[in-house]
Structure formats: structure tokens, C-alpha cells
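This is the structure, below, for whatever I ask next.
In this document, chain identifiers A, B, C and D correspond to the written order of the chains, with residue numbering beginning at 1 in each.
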Amino acid sequence: MHKTQDPHFAERVRASFARQPAMTLIGASMPVIEPGYTEIHLPHKPEITQQHGYIHGGVVGMIADSAAGYAASTLTGHETSVLTVEYKLNLLAPAEGQLLIAEGSVVRYGRTLIVTRAEVFAVKHGRKMLCALMQQTIIAVHGKQEQPAKP
Amino acid sequence: MHKTQDPHFAERVRASFARQPAMTLIGASMPVIEPGYTEIHLPHKPEITQQHGYIHGGVVGMIADSAAGYAASTLTGHETSVLTVEYKLNLLAPAEGQLLIAEGSVVRYGRTLIVTRAEVFAVKHGRKMLCALMQQTIIAVHGKQEQPAKP
Amino acid sequence: MHKTQDPHFAERVRASFARQPAMTLIGASMPVIEPGYTEIHLPHKPEITQQHGYIHGGVVGMIADSAAGYAASTLTGHETSVLTVEYKLNLLAPAEGQLLIAEGSVVRYGRTLIVTRAEVFAVKHGRKMLCALMQQTIIAVHGKQEQPAKP
Amino acid sequence: MHKTQDPHFAERVRASFARQPAMTLIGASMPVIEPGYTEIHLPHKPEITQQHGYIHGGVVGMIADSAAGYAASTLTGHETSVLTVEYKLNLLAPAEGQLLIAEGSVVRYGRTLIVTRAEVFAVKHGRKMLCALMQQTIIAVHGKQEQPAKP
């Protein structure tokens, strides 16, 4: 569907994701990176729950935001970084189960603004249930390549 | 401004917050609990940052969502629990500094739906800068008192 | 996909739409009413434009909001009325062309809250372009049948 | 509070508003234009109502969107035009009364993106009630002065 401007988008996105300590803290990984699309997977663990034992809604928002933001990043040139302008998230059901999957995708790619969406699914006993829906606006900042953290 | 229906709202909210492992994981505390208003404070630490060393936007969303949700909870009866229906968050500036303060407040209290907002400030060298703005819808679920986690 | 509780949903929705003078004022019609889905069509006319001659963004929002709200209404019982709690709309491109089509659909149907979405397309010289995207929350008010306006 | 870059912002905004036939159609006026702030006033008339006789929620959204967008426009240079990127609107109460007042204001002014908010009040028998709350993102397009419509 989408064309990327950077043949090395997957490596670039993977490296950027790896530089986010917050994603490591919650235990998230990004096993799928395609043009205009990424997936973040997040296994349940007690440390990321709320008071009822489900994964915290704020954590659901974190992976939705990141999956969709990186979906935008897959389509930009390598010298461009992306920032979240805003997003709107509906929580549809408790994030109950063994695994969350956030699927981020690009709805409309523009030079400056990129509109994306994310669906977050909770996988419980092998069944995938939609638990959150997000609509997001991303800004592309050209000529501001993302820097590896300084040692 | 707002009237609460539960004289023990502060203890109730404080206890609920304490039951959220995800808040402990990121290092958040809730030092201010007033009728229709709460504050979540979050000191910077490397584990909650993104690739540029600022606190992760998803973490900013987490504390905005929780501060405003608990602001709603301060006004309900003790037998009522609250759930986030949805929120919309604008990220206005990088969350740069030593401390984040999320100020959640109730805009309109209804029996079923409660509309709230949150402002998140980054405190850098003693200066407080607005870095995120959220508008949120909460649903009150009556007769569903929040349960302490089972041992 | 969706099951409706009211075999006469189409007549009910059509009649409700016909009782909205604001829809008549802008020239909107609702030619498609299916379970969980409606379409509002709006031909271009100078009276509904903004300063550049395109259909006004606020009018785009009006038909997106209504198409998705009525999509929710198709699934409720006949004694239930629906209200918009909130929506978030991204304007993706100018509403340029001869006709706008707002396609509203239900994402998740709950007894109290219904989450919907709408896509608005501009039809220009036979080509359909996505110009707006909306995510919306609807509340179902049971036992409050919509009343015909009093004479 | 806010500084404008254009000493003639009020005339510029007033002229732009006057070029919007959609605002004329619904009967809206813009009596207040200050730096970073505008008000749109809209008297009740049957043509802009929904099925219960209140002003249509979509019309509420129209004036909220426009008031906040023009609030952004007051702060830009005269050669800059503004576009709505997106907004999120909560409808808090029916728009019941003789007059609606949409108060749009700038929350954060940036060179490219401007974040705004609007509150819409319904005035009924002299009492002003908050009926809608909006949070919005505006983009400033530099070097694209708004053109008067061609004759």
C-alpha cells in the first residue's frame, strides 16, 4: 500500500525503538515493521497492571501511541524524525489476557503531518479482542535525524 | 468548588492509587487529593525515558489519564468505581526536566458521565512549563465498589 | 455484521433525520441506512462554503457526527434515543468537489456506550477522496423514545 | 496575554469571517476579536435545530471550531493562513436557550502548530451554561495569504 522513502526503514525503526528505555521497562517488543505499519507486543506481567489486575489503561495508551508513531516513521526519509502532536484513545474493554498487540497504521501520509490509527487487541486464551482504538496526528521534522543517545 | 459525596474520598483514592503496580513501576506518587482535583508527581529517571532522554510521551499520557480519572473519583460515592471511556491528549513540548506534575480536574460532573481535563507540567530548574493538555470522558459505574486485590 | 434490535430501524432513523431542520438547511440527505451503518450525502452549494469556496470544515463535522450517531441508532431498540458524548475529527484534505459522502459505522456496540467512526469523502469529477476521519462516543438513553416535534 | 504579529489582525479576521457563507447561513456573528481570543455568537432559530428543538450539535461544533481557529489566526502574520488539523469536542448539555456563545482561545502558540480550545455556552433566560468543550490543533501555513473570493 504505502511506499517508503528509506530502504532501511526497518533497521532504523528497530534501532529507535531499542533506544526507548520506557519500552524496555514495560516489556514491550516490536516484532513487525512494514511500510506504514508496525506491531508492538506486550506480555502481561503484574508490574504493569492497575488495581484490578488488568494491564493499565495508560500502558495501553503508551503502546498504541508508539505503534502508530513508528508506523509513520516507516514512511519518512532517514533524516526525518517524527513527533506525536496528539492522539485520541477510546478504551473499549479491559486489557485482560496474556498478551496485548498494538497495531499501528498510517491513514494519510503528508509531508508535514501524518494521520495514523492504532487498534489494541487483548489476547486471552488464544482469542483476540479489540480493547482500544486510537486516532493520532504525527508531525514530521525534516533534517532532524534521530540521534543515538550519548554514551 | 466541587462537592464530594464521600467524606472519606481522599483515603479511598489514595488506597486505590496504591493498588496500581503500574504507577509504582514508573515511580509516580499522588501527593494532592482534593474534591474534583488530584496531582500526580513523577520524578525523572532514565527507565521512563524515550530515545532523546525526555520522559516518554506515553508515560506523560499515563499520568494525565490517571490524575484526571482520580479527580472524577473524588466526587463519586464510595460504592462507585470510575473507568476511562476515552481521552485526547496534545503533547505541547518535550517532557524535559527533573519532575512532571499532572494536574487533573473535573470540568463537568454527571451521574453517568464525568468530563475532566489534565494539564501536565515539566519542572526544569524550578520553572514549570506546560507540556501536555488532555480532555477526557469518564464513566461512573455505580454499585461496583473497587475491590482490594486478592492475596 | 451488526444485529439490530428493531426491525423498523430504517424507518425510525429516516424519520428522525427528517425532523432535523439543520440537515435540511445544509441540503443533506441520508440515502443509505443499514444495521450499524449510514451514509449522509451533501451536494456542494455556495451557501455552505468557507472563504476558499470549499465546503466548510464545520459542515464536514456536522455530517460526520450525524452519520456516525445514526449508525449507532440503527442498532438500538425503538424506545432508545442516542446522544453524542464526544467526537474527534481530523480534517485530511479540503472538502473540494461536487458531493460529500459521510460514511458512519459502529465500531463497538455496548448497552450504554457505543463507539463509532466516520469517514468523509469528497467526490470530485467522479473520484472519491478521503477528506475527514472521525472517532466518536455515543450514549444510549433507554426508555427515552425520540418524540416527534410538537405542532 | 498573547502578542500578535499583525497590528491589523482584527480587520483581517473580521474580513475572513465575512467571506464564509456557511457562517452567514447559520446566522453566526463574531462580535469579539482580541489577540488570541474570539467569540462567535449564534442566536437560536428553528432552521439550525435538531429533532428536539435545540441547536444541532453539529452547529455547536461549527462555531467552536471557527472561534478557536480564528483565535489562532489573530496571532499570526497577515501573510499566514490557518487550517484546522483536528479537534475533539465534548457535548456536555443540550444547546438550549436563546443564544450560543463560542469562546475560542489559544493555549499554545507555535510557529507551525497552534493548540487552541473553545468553550460553548448556551444563554437561557440570561443564564450562561457551559454546553460544549473543545480542544483543537491548528496548522499555520506561511506565505499563503488568504485570498478574497473572486468575483
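Basically, contacts are C-beta pairs under 8 Å (C-beta built on N, C-alpha and C of every residue); 3 or more make two chains touch, one makes a residue touch a chain.
Since we're looking at a predicted model, the values are computed, not measured.
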- [ ] Name the chain whose C-alpha centroid is farthest from the C-alpha centroid of chain D.
- [x] A
Open item on the list: Averaging over Cα atoms per chain, report the distance between chain A and chain B in Å.
Closed with: 22
- [ ] Just give me the whole-number Å value for how far the CA centre of chain B lies from that of chain D.
- [x] 30
Task: Inter-chain centre distance, chain A versus chain D - centres from mean C-alpha coordinates, in Å - done: 33
- [ ] Would you give the residues of chain C that are in contact with at least 2 other chains, written as numbers and ranges?
- [x] 85-86, 88, 90, 137
- [ ] Name the graph shape formed by the protein chains and their touching pairs; answer line, ring, star, complete or other.
- [x] complete
Task: In the complex with chain D, residue positions of chain A that touch it - done: 85-86, 88, 112-113, 137, 139
Open item on the list: Which residues of chain C touch chain D once you look at their complex with the stated criterion?
Closed with: 16, 19-26, 46-53, 55-59, 61-63, 65-66, 83-91, 146-147, 149
Task: List of chain D residues in touch with chain B within their complex - done: 88, 90, 92-93, 107-108, 115, 117, 130, 133, 135, 137
